[in-house]
Amino acid sequence: MTPALEVAHLSKTFAARRGPFGLLGRRVVRAVEDVSFTVEASRTLALVGESGCGKTTIGRMVVRLAIPNAGSITVEGEDFTRLSGEALRRKRQRVQMVFQDPFACLNARMTAEAIVAEPLVNFGLGDAATRRRRVRQLFDQVGLPQTFLDRLPHHMSGGQRQRLGIARALAAKPAVIVADEAVAALDVSIRSQILNLLKDLQRETGVAYLFISHDLSVVRYLADEIAVMYLGRIVEKGPVRSVFDTPAHPYTQALIGAIPASHPRERRRRALLDGEVPSAAALPIGCPFRTRCPLATDICSREPPPLVTVRHGHAAACHHIHANEMTTGGTTT
Amino acid sequence: MIAYVLGRLLAAIPVLSAVAAFVFLLLSLVPGDPAVVIAGDLATPEQVEAIRRSLALDRPLVERFVTWLGHMLTGDFGNSLFSGIAVSELIVQRIEPTLVLALMTIVIAVTVAVPLGLVSAYHPTGIVARLTMAGAVLGFSLPVFVVAFGLVYVFALGLGWFPVQSYVPLSEGLAGTLHSLVLPAVAVSFLYIALIARVTRAAVLEVLREDYVRTAHAKGLAARLILTRHVLRNAAVPVITIIGIGFAALLGGVVVTETVFSIPGLGRLTADSILRRDYPVVQALILLFSTVYVAVNLAVDIAYVLVDPRIRY
Amino acid sequence: MAITVSSDSTGRGLARGRSLAARTVRFVAHRPVLAVSSGILLLFVAVALLSPWLAGDPGTLNPPRRLKPPSATQWFGTDHVGRSVFDRTLWGARISLGVGFAVAITTTVVGVLVGIVAGYFRLADTVIMRAMDAVMAIPAILLAIALVALVGSSPLVIVTAISVPEIPRMARMVRASVLVLREQAYVEAAITCGGRVHSILLRHILPGAAGPILVQATYVFASAMILEAILSFLGAGTPPNVPSWGNMMAEGRQYLQLAPWILGFPALGLALVVLSVNLLGDVWRDMLDPSLAPSAAGVTR
Amino acid sequence: APAAAESVLRVRPFGDLKQIDPVITSDYMVRNHGYMVYDTLFALDEVMQIKPQMLERWQVSPDGLVYTFVLRDKLAFHNGTPVTAADVVASLERWGKRDGLGQQLMALTKSLTANDDRTVTLALTQPWGLVLEALGKPSSNVPFIMPAGIAKTPADTAITDATGSGPFIMKREEWVPGSKVVYVRNPNYVPRGEPPSGLAGGKTAKVDRVEWRYIPDAQTALNALQAGEIDIFEEVPPDFLPMLKGNAKIRTAPQDTMGMQMVFRMNTLVPPFNNPKVRQAIRYMIDQEMFAQAYVMDPTLYKNCPSFYMCSSPYFTDAGWVKPDLAKAKKLIVESGYDGTPVVVLHATESGPTNTFSLVAEQLMRDIGLKVEPQAMDWGTLVGRRASKATVDKGGWSLFMSGPTGADMMDPAGHLGLRSNCDKAWFGWPCDEEIEKLRAEFSLATDLQKKKELAKAIQLRAVEVGPYWPAAQLYLVRAMRSNVEGAPKAAVPVYWNISLK
Amino acid sequence: MTAPLLKVEDLTISLASDGGSLPLVKSLSFEIAAGETLCLVGESGCGKSLTALAIIGLLNRRIMRASGGGIFFEGRDLLSADAEAMRRLRGDRLAMVFQEPMTSLNPVQQVGRQISEVIVEHRGTSEREAEREAVRLLDLVRIPDAARRARDFPHQLSGGMRQRVMIAMALALRPALLIADEPTTALDVTIQAQVLALMDELRREFGTALLLITHDLGVVAEMADRVLVLYAGRAVEEAPVEQLFDQPTHPYTRGLLDAIRQLLKPDIERLAEIPGTVPVPAKLDRGCSFAERCGLAMPICGEKRPVLGPRGSRHSAACWLGHLPVEQPA
């Protein structure tokens, strides 16, 4: 079976111009560096990591809003990066995105109904009546009352807008959904509904999710696999269980360690990561994480660590994997 | 970006060539010929024919175009068919008043219109908004000669502050020049104020509802600062566009104003030359205007990037 | 699905009836400005259409009664050859409004098309906008004279000669807004939703640019009427015996002091029409403004 | 810039000086410019007598075949070189190639030679009564005397050097076509001893500088005059005159002694005006009073002049003239078998009498049953269009209105509108052997009584064939600040002898 | 106890439209003392953001009205304060982090400038100095390479970075009250922890009071002193944080806590949900607004609206079940 989404050796740099017309020079930000992963149909890959490490950029490349500098993106066996024109447009139906910003991505002049109906109209899915029905169904599914059909995004709260974005992504029944912080603005009860919905849909339609999130508990609930990114690279990748239970990379460990308490009594001063976060514009030689890594040694400042398999399906990029392998019991202690 | 600018400058060559050829063609279509005008009302047909020959106007169109192009490439724009004065000299004589008038007008217009537009967007039901609207309607619908007449009547004939007409060249002192152009500049800027203020208002209304304006308020910035620093800059692209368009049009000459105030500018030179079919002058002028438009448009496009970093070409 | 939605009949029912038309009616009812300005505009359109029945022959000269001020018999006075300013103003509405609307619509439609395409596609920008640069510099006067020579004088020629140099200006204005708007996140979202280029341009980008476009259009509308006079003067416009507001104002200019009514009445007509068009533009803009939109009322009751 | 002590006369001329060759063009502005910088051999005085101007003396042989002209002493061009007989010869030859009378003169000339520096001999092949009329011609084209070097320029190529020997020197570098022409006093000019009279007599430049400021807009010019920014305003639109009445600082005076004749010019080559009957109908249609009144209300400013000649002309006669009669005109149209071919009017819309007269003409023609198709245009287009001899459906024309100065309408010989030599005639190309024969006789006649009879005969013939119709005579007015003194009463507005108080 | 820093009394926010006015937030009262952290939690769309906007005085005046007893900040009623007085307070004593980090930044101004601006405005320092301070603040919120990033435009930053810029802006002048509307949704947990620590530091050092709006009960657990639970525009429960986690009284609160707890359990197949959705505001006239979705609803719930009543010291809830013994959550 061809995987729903296959990303190979994806790289993206941004040349940020400094000063008007770049007269003060350019700064090249390496936002994504040689990233590869595969998401099978009916599976969910969670992308987690440092803020600014390139998750959104990957998502944007996957839906082809950004053109990668290198690498390929294959959707259901078809190279997405090669398509253009009408073929590309048609193919877009298979890959939809929930945007990180629930307001900027909604046209302020369109009613909620028109927003959700847009992919249906564009991809010619169903006649007007079917579309009306489908939009209403989607509103129900994401928990938006039908009275909101005529509302403009301006008149909705953050969570309501986010649900609108989700409904739109679901509308065309795509094969792959890139969900960029799709549930961040939702309260826990709605979030539960949405997460269940996503799972149900996956079961029903076989949709694959590329799920970008900072909320590790959500990731653990929803994802099958997880990829941890740091400064544009994947530093650890593996089945959710394996990664949560036995994180191999020190950054992953720090992430898991930093999950907030679930009860006020459990508050404590966590061991926050110290050290400078290096700039994506001036990556250090060797391991990008070494500036903050408690285990860093000489080799880390010389050679970038390769992604090596730790155990079945679980790989990490660290020179000190074995020294570091610990069997922390997961999230809460 | 530098590459972009260079590209645009290079692109000016085909643009100007196309304009040159097109104008040549247009002129050949236009009835009436300069020989007839030169000969005057009483001339007989043979006399006209003889003049036409002496001006080489009897040559085929293509031949004339090629000859003209050849001369032009060597920097020779020819002589006026009438006065015999070199076209370049004629244009140099006329460019100064036009340039000063255009600058003055646009400065007046922008300094008045932009604040008006801002305020009338910010207080859409306030007195400023209503007055601006009324002014804009008058600015759009009153021909400039009516405005000019009113100004002259009050400020020149009545109060005697400014001259009724005429232009004092820069060589006689900047103050005199500016003084002589106050009324014309105000008269033309009336329309421009209307246009710029309305565009500013429209663009600003669009921006005012953005979240970052709310952020600016949340920072406790004074309204004036919010409007100028945050709102205006985000609304600037259409405003700059209309200013650019207006400025280019002003440089292209404002015939009526120049006529009414008797200013020897490019606008009247253009109109007169067209009307008397002074081909070399018309051609050179239109090429000049094309160059101006190309330059102003390029400047405007560069300005976009300066005000809005998201814009790219 | 586990989510059971509270079915909420009253709210739905209300919302469903809220079609654009219904919203518009409701909107109009609440806005006297809209009513007044569309009233004025309709009145003028009616005058223009009905002028053959409302007014006498606008071409009849009567030298002995030239330059007479408004009076009971001649409501608007007479002009420099003794023609009735009233008759001419009424008849003038025909040409003027016709030219104004035709030019405004032509300019806007073509300018918007050119502008959005140029603003959206880089290649089109380089090619089309350079062509526009070239067109911009051709004086309307020259074009008009040439066109008349080529095809004879007709309303089409007037409209063309005035529109052609205006189109690049409109296009630049549209393009400017598009350059900004095409970088907006919602446009990207629309692309991923499979929006065809035209729908992205027309549905997502154009409404955001509507404000300045509308202003420009009303300006073109007014200036076309004034320009028409200049063209008539050059023979490109209407025949000298057919009045237009522009024509009348141009002729009345010499008599501004002596007989201000010659210029005054057509100018008043023009101002009223421009005012109502401007007000309508504003109201329309307000209707389009999502932050003020009445759809918030969708939750009322 | 003028120094403070300089006296400057600021004039708003009626038009723009587009060019400076008074021979190549008949443009009146160029003519007026010519009077500033050039001098003439003869000139017309206030009472229409031709007087020597550059000449010390002249004589004609008893057989009327040889004319000898002796130049005054100390005549010099602006560049200092003396005016010689050779200059005169060259200038007259060039003029003779273009001017109507000049051409006639040259046709009869056996030789034109410079005997010495100051003497010119003109030998004719037969006696001609109009030699002085030609050389003292007040209006276009005036036989101005220019340096031989310049006068050698082919008559079809415009000269660009304004060096002459007249009372003023043109400041070429201050000339801004379309805006300003500057003349300064010619310090070396030696005026004649006689008192000034019309274009003749002593010409003294009494101001240091004359500036022609072309103010295209009449309203602006009026304002400028009221504000004292100009001293003289040529061709005041008659409707402005009442506004100047009460102003003590401004007075008005006739601009020239001749006035102008409005001309209703028909194209006699193509239908409908190729039909003499239709032209006869027009003859009954034209009501000069009505035409004039549509333009001027003040009866002193126009004249219903029942003649092809100006009322001030010695040849004036109302022989053969009819009273306007619209009913008769209508009848004649019906009789003419008019087939509905549209009368295409080249309607120049530039303000002024032409526009108004066209409007009136159109209305009257409609009233008598002609189909009228006015085509608005600028004067530049008009002069181009009127050269076409095509029928109206092929871009031709039927009618235009024009207003030549009275000087061109004084006598049959120089008469612009009466010329009926077919192709060579003025636009409209009337063709009538009889008229031409009478005109030739007129030219050769030397006796005034004989001439008057011939002029009457020509008029009688012309009313039958209708080469054109006069549509009223108008007088132009110029307004000046009350401190302007000494403006000559002449056939042409000139600026010598004027001083500022 | 000292006088509270902020006291909101009987605040009602209603939507004015051509059809009348519709309350979205109803009779809300709460207070915050200096140095205290109050967390506002509640269903999406229940009016949290509107409340925040009302406090800082930035509701869209043309369609929204805030009315009621008053909003007293440092003893002064903000509802009746004049525009200039409000302006002086905002950004200085009263700062807010908006929920929409992307659209809340000016797209055409460098982010450093956007931060320094507020310093210049209220402190009158030189541009230079303020810019240095801006870089320092960006560094504090853990933006790498802060000096260079300060010169970036918002579109060049990632979502989390923009959010941190917003936070830096709000912290710039160490306000007396910081309103943070979901400030950390785009931050990964390590950065989030650092940013929260930063706010906490501010609170301890300068006595800044914090009104924190969040959906993340983890953040609540970490930060809150007290928690106010809103439902459909009304306060339904208010309690010190430990009490709330230990003894949630209102069924809605319990639902929320259940939802988060089960997510923490490994290997759950399906999350339990609170059935139904928030009813539209218009229908809230009678009875308890939560009744339709409440598993414990009684007949009275549909008829009479419960008022906020005490449930122990500093703990109150609005529920007819208030007096029934509450089970400890599992």
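Just a few scattered comments:
Each chain carries a letter (A, B, C, D and E) given by its place in the written order, and its residues are counted from 1.
What we mean here is this: contacts are C-beta pairs under 8 Å (C-beta built on N, C-alpha and C of every residue); 3 or more make two chains touch, one makes a residue touch a chain.
Keep in mind the model is a prediction, meaning the values are calculated, not measured.
Traced through touching neighbours, the fewest hops from chain C to chain D number 1.
When chain centres are defined as mean Cα coordinates, D lies farthest from chain E. Averaging C-alpha coordinates per chain and comparing to chain A, the farthest chain turns out to be D. Chain centres here are Cα means. That of chain A falls 90 Å from that of chain D.
Averaged C-alpha coordinates put the centre of chain B at 22 Å from the centre of chain C.
Here the CA centre of chain A is 26 Å from the CA centre of chain E. Counting partners per residue, chain C has 2-3, 5-6, 8, 11, 145, 183, 185, 208, 234, 253, 256, 290-291, 296, 299 as the residues that reach two or more other chains.
Touching two or more other chains at once are residues 100, 102-103, 155, 273, 277, 279-280 of chain E.
The set of chain B residues touching two or more other chains comprises 30-31, 145, 149, 209, 211, 275, 308-310.
Residues 30-33, 36-48, 50-51, 53-54, 80, 82-85, 90, 93-94, 145, 149, 152, 156-157, 160, 163-166, 172, 259-262, 264, 268-269, 272, 275-277 of chain B are the ones touching chain D in the complex.
Chain D makes touch with chain B in their complex at residues 1, 16, 18-20, 24-27, 30, 98, 100, 140, 154-158, 160, 175-180, 213-217, 219-220, 223-224, 226-227, 229, 378-385, 387, 402, 404, 408, 416, 423-427.
Against chain C, the residues of chain A that register as touching in their complex are 60, 63-65, 89-90, 92-93, 95-97, 99, 101, 104-111, 118-119, 122-123, 140-141, 143, 145-155, 165, 168, 172, 193, 196-197, 200. Contact residues of chain C toward chain D in the complex are 59-61, 63-64, 66-67, 80-82, 145, 153, 232-235, 237-241, 253-258. Only residues 1-3, 5-6, 8, 11-12, 15, 18, 184-186, 188-196, 199, 203-204, 207-208, 288, 290-291, 293, 295-296, 298-299 of chain C touch chain A when the two sit together in their complex.
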